[in-house]
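Take a look at the structures listed below.
Both complexes shown next keep subunit A, but they swap its partner, so subunit B is in the first and subunit C is in the second.
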Partner chain A sequence: MNGLSVHFEGVSKTYPHFTLDNLSLELPTGTIMGLIGANGAGKSTTIRILMGLVHQDQGRVDVLGREMPREQAAAKLDIGYVSEDMRLYAPATLAWHMKLIRSIYPRWDQPYADTLLRRFDLKSHQKIKGLSHGQRVKAALLLALARRPRLLVLDEPTTGLDPVARQEVLAELMAVLADEDRTILFSSHNTLDVEQISDQITFIDRGRIIASDNKEMFLDRWRRLRLALLPDAVLPSLSGVVEVGGSGRLPVLVTDRFDPAMVSVCNDAGATVQAVDPMTLEEIFVANVHSRREKQSV
Partner chain B sequence: MSTVYTQYRNMHSDIVISQSDGRPMYLQIMEQIRQRIAVGDWLPGKEIPSIRELAVMLRVSVITVKRAYLELERDGIIVTQQGKGSMVAPDPGLGAKLYDQELTKHIDRVAQLGELLGLTPRELASRVREAADRMTKEYS
Partner chain C sequence: MNYAMVKRLILKDWYLQRWAILASLAGIVATLGIIATGGKVAFLIGLILLIMVIISIGAQMAVATIVMERKEQTLPFVMSLPISYREYTASKIWGNLLIFLVPWLTMVLGSCGLLLWSPSSRGLLPYAVVMSTEILLSTCLILAVALITESQGWTVAAIMVGNLAVNGLGYLVAHIAGIAKGMWGSTIQWSGAASALLLGEFTTIALLLGLTSFVQSKKRNFL
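Up next, the complex of A and B:
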């Protein structure tokens, strides 16, 4: 199947202290989308609506061609979901959990589960209560992956993991994508993980999507220009500048629509371009949030 | 699925993506593939990993590898056939072309440094000639 695995259209949800506002989102099949936002930005609410755990007040949600929340039972057969607040049954072993899941989901892949046990360095006879945080996360991920779901939804999958476990988890997520019919949506505030493995990136802030695009577009369009103004020169006004910082004679511009022509415009106006720096996803996210919040408060 | 992953991981584990390298990941991938071809590790006509395989192996997004492949294809270094995957372009002059690109890059750098030192183009040219003469002597 090609097309959209997740489709949100004009989705809203109002709580007493938080509103998810008119969210539209498209996730093509075969890709990974990273959802980035500060704590409380609306990432988890978005994911819960996607899973049918929370019902939207307005708007349409389709997941794997099923309308949510109406057809959630059918959709969930093909969705693997791991979230931070999901608890495994502490007195039982991982083997007990595997048996339980296998009895519910016919597509459970035991050889793959065994491979994952080895790769994640987990022991199936160990009780959940004896596992570290990182081992619990990997155990939950194993239980979701071995069902071979067409859509994986992961809420903060790498939070609290040590560097080795993080790399193991990222490698396994990429391995899922070797099959182009599988799709992953994950939320994180670790922008480094998102930058590494995501095809699509969506920034959420204060209940709104402030940007959603493919990663290469983000990284290509955002640049930081470090300038040196000649005496008497004035900073030329450029379109697409979202932030002006630095000191009087040494301004620093941030743009979300970089065009090489900007450099010559600056140079011609006596604002010598010292450097054009690419920005990390983290810097792009922060600059994006700041510029939106400033616009809102004006 | 898992076997493919392991296999390519071993085969091409020499491609390294550095997070602390300031350059975008797609450029790092392009450069390392170029080098592999320039030194003859990847021969003309040789099949190379598909976009998805390389992405899985390097643990970077499909879209990043796709971008690197598209640009390599535009430069005539690899050829991608729909449904058949990608291979090193069969063009026999490829090695020379790559060295030529490399040379252009270094000459630009030489010109930059020359300007910083205040050398005239003539002085710069004579320095390059001296270096070339030294090479010729060493190898003769």
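Up next, the complex of A and C:
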């Protein structure tokens, strides 16, 4: 790791019906960050600001040492960008697109492009309008990867893909990760995809970053405790409990700061711990969002 | 300004619109051929077709290279390239102008050639030059509206306004004394009115394109 590839500091952007609020984010070089949020949470706005396509109202954005949006042209020379709403030119062939990109990016890697063509089962002479949605996403990914970018920015690239195409795309991304200097920002509302490839996770909701940490830390700290309360016993006070569910005698606690000592604290208070369940990233995300929204509404 | 990137983007649009450009050139040559046959009916039909073809290609270029780029979502692909919006705007203005100038110059040179070839219609030359420039101005208006609004609706409105302007100005210019005087004669009578009209048209074109670049430079959201 060597410095930061992406640095957001106090970035805000206001639209009539949406505000990206005081967003600060750091993406160290060589990491793969998954940006998770519901539809309309602000993922695409964040990424567009990162790419210089939308200008922030406040705050500072640096990408690969370039100030955005002022130095976007220079920064984009080292960025590969694929978004769900990106289309290639329908009447042109993939070969024409490859030729265009090759003429712009000095690090274009033709042998790698040929490898990706075979791996993705794409035909370069085929016109884009003849490709399926999955093939179009793969074609866009090929064009982004073969330019050998230092930073790969993927905005919901797997949305709308069938399971086979999605797995092929994710497998290729995982192969790319072998390069330690490559930094990836991957946004999705599909937590399974993000969980597979990311080592850093950032949750975004209603224009705010609500949590950002190492993936393993998320998975290690978050637990669901299923308790059985003895008659007259009260629920013990535990730190880090973000959600209390279940029924009166059989409460279910969700904590974001699980410690094995919690089990003995519960037992001492007359609450038998029946199970300590690990949580998936999706469950962690949903619990996190609910907890933050409840705090906001209080 | 990264001129190499601007050039690549212009060549991209040129390549993607190559069939439309070729079709417009063929249309212009064909209509000039109809006019060259010499009859009064052929002249009128040829003239109407010529104006139709040249206005259509100008409008088609603006719609296909600007409005459809947003509508068909190829704009994110273009904007992911190492360019700023200033370079994107420059490529669209110069690209559209250069593409349009090919059929437009073919039309202007062909029309002037035909008028000079037939002694009885030489007097029409100043009027033809003024009206050809008006068509160029009308195309620049469509281009400006398409770039600034990126909206199909507004661009269609600009096409209609441009068309009406060509027809309306065609009538008005033909009734300006300095133009009307020698219009049906066999000699070219270039008047001060013709020069003033041309100067006004080119000044409006420059202002229109300058204003477009200025408005574009103030935009903060491109997607």
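In this text, the second predicted complex is superposed on the first by the 297 of 298 C-alpha atoms of A that agree within 3 Å, B and C clash if a C-alpha of one lies under 4 Å from a C-alpha of the other, contacts with A are read in each partner's own complex, and residues count from 1 in each chain.
Methods note: a contact is a pair of C-beta atoms (placed from the backbone, for glycine too) under 8 Å apart; a residue touches a chain by one contact, two chains touch by 3 or more.
Remember, predicted model here, so these are calculated numbers, not experimental data.
Once the complexes are laid over each other on subunit A, subunit B and subunit C both fit without any clash.
After overlaying the two complexes on the shared chain, residue contacts for A:W108 are found with neither subunit B nor subunit C. Contacts of A:E216 after superposition on the shared chain: subunit B is touched, whereas subunit C is not. Of the two partner chains placed by the overlay, only subunit C lies in contact with A:R87; subunit B stays clear of it. By the touch criterion defined above, A:I197 reaches subunit B but does not reach subunit C. Using the contact criterion defined above for the overlaid structures, shared-chain residue A:Q72 touches subunit C, although it does not reach subunit B. The least CA distance from subunit B to subunit C in the superposed model is 25 Å. The interface of subunit A with subunit B does not overlap its interface with subunit C at any residue. Subunit A makes touch with subunit B in their complex at residues 30-32, 112, 115, 167, 170-171, 174-175, 177-180, 192, 196-200, 214-216, 219, 278. The part of subunit B that touches subunit A in the complex is made up of residues 1-2, 4-5, 19, 22-26, 52-53, 55-56, 59-64, 67.
Subunit C makes touch with subunit A in their complex at residues 2, 5, 8, 12, 15-16, 72-74, 76-77, 79-84, 87, 220-223. Residues 48, 51-55, 69, 72-77, 79, 81, 83, 85-92, 96, 100, 103-104, 140, 144 of subunit A touch subunit C in their complex.
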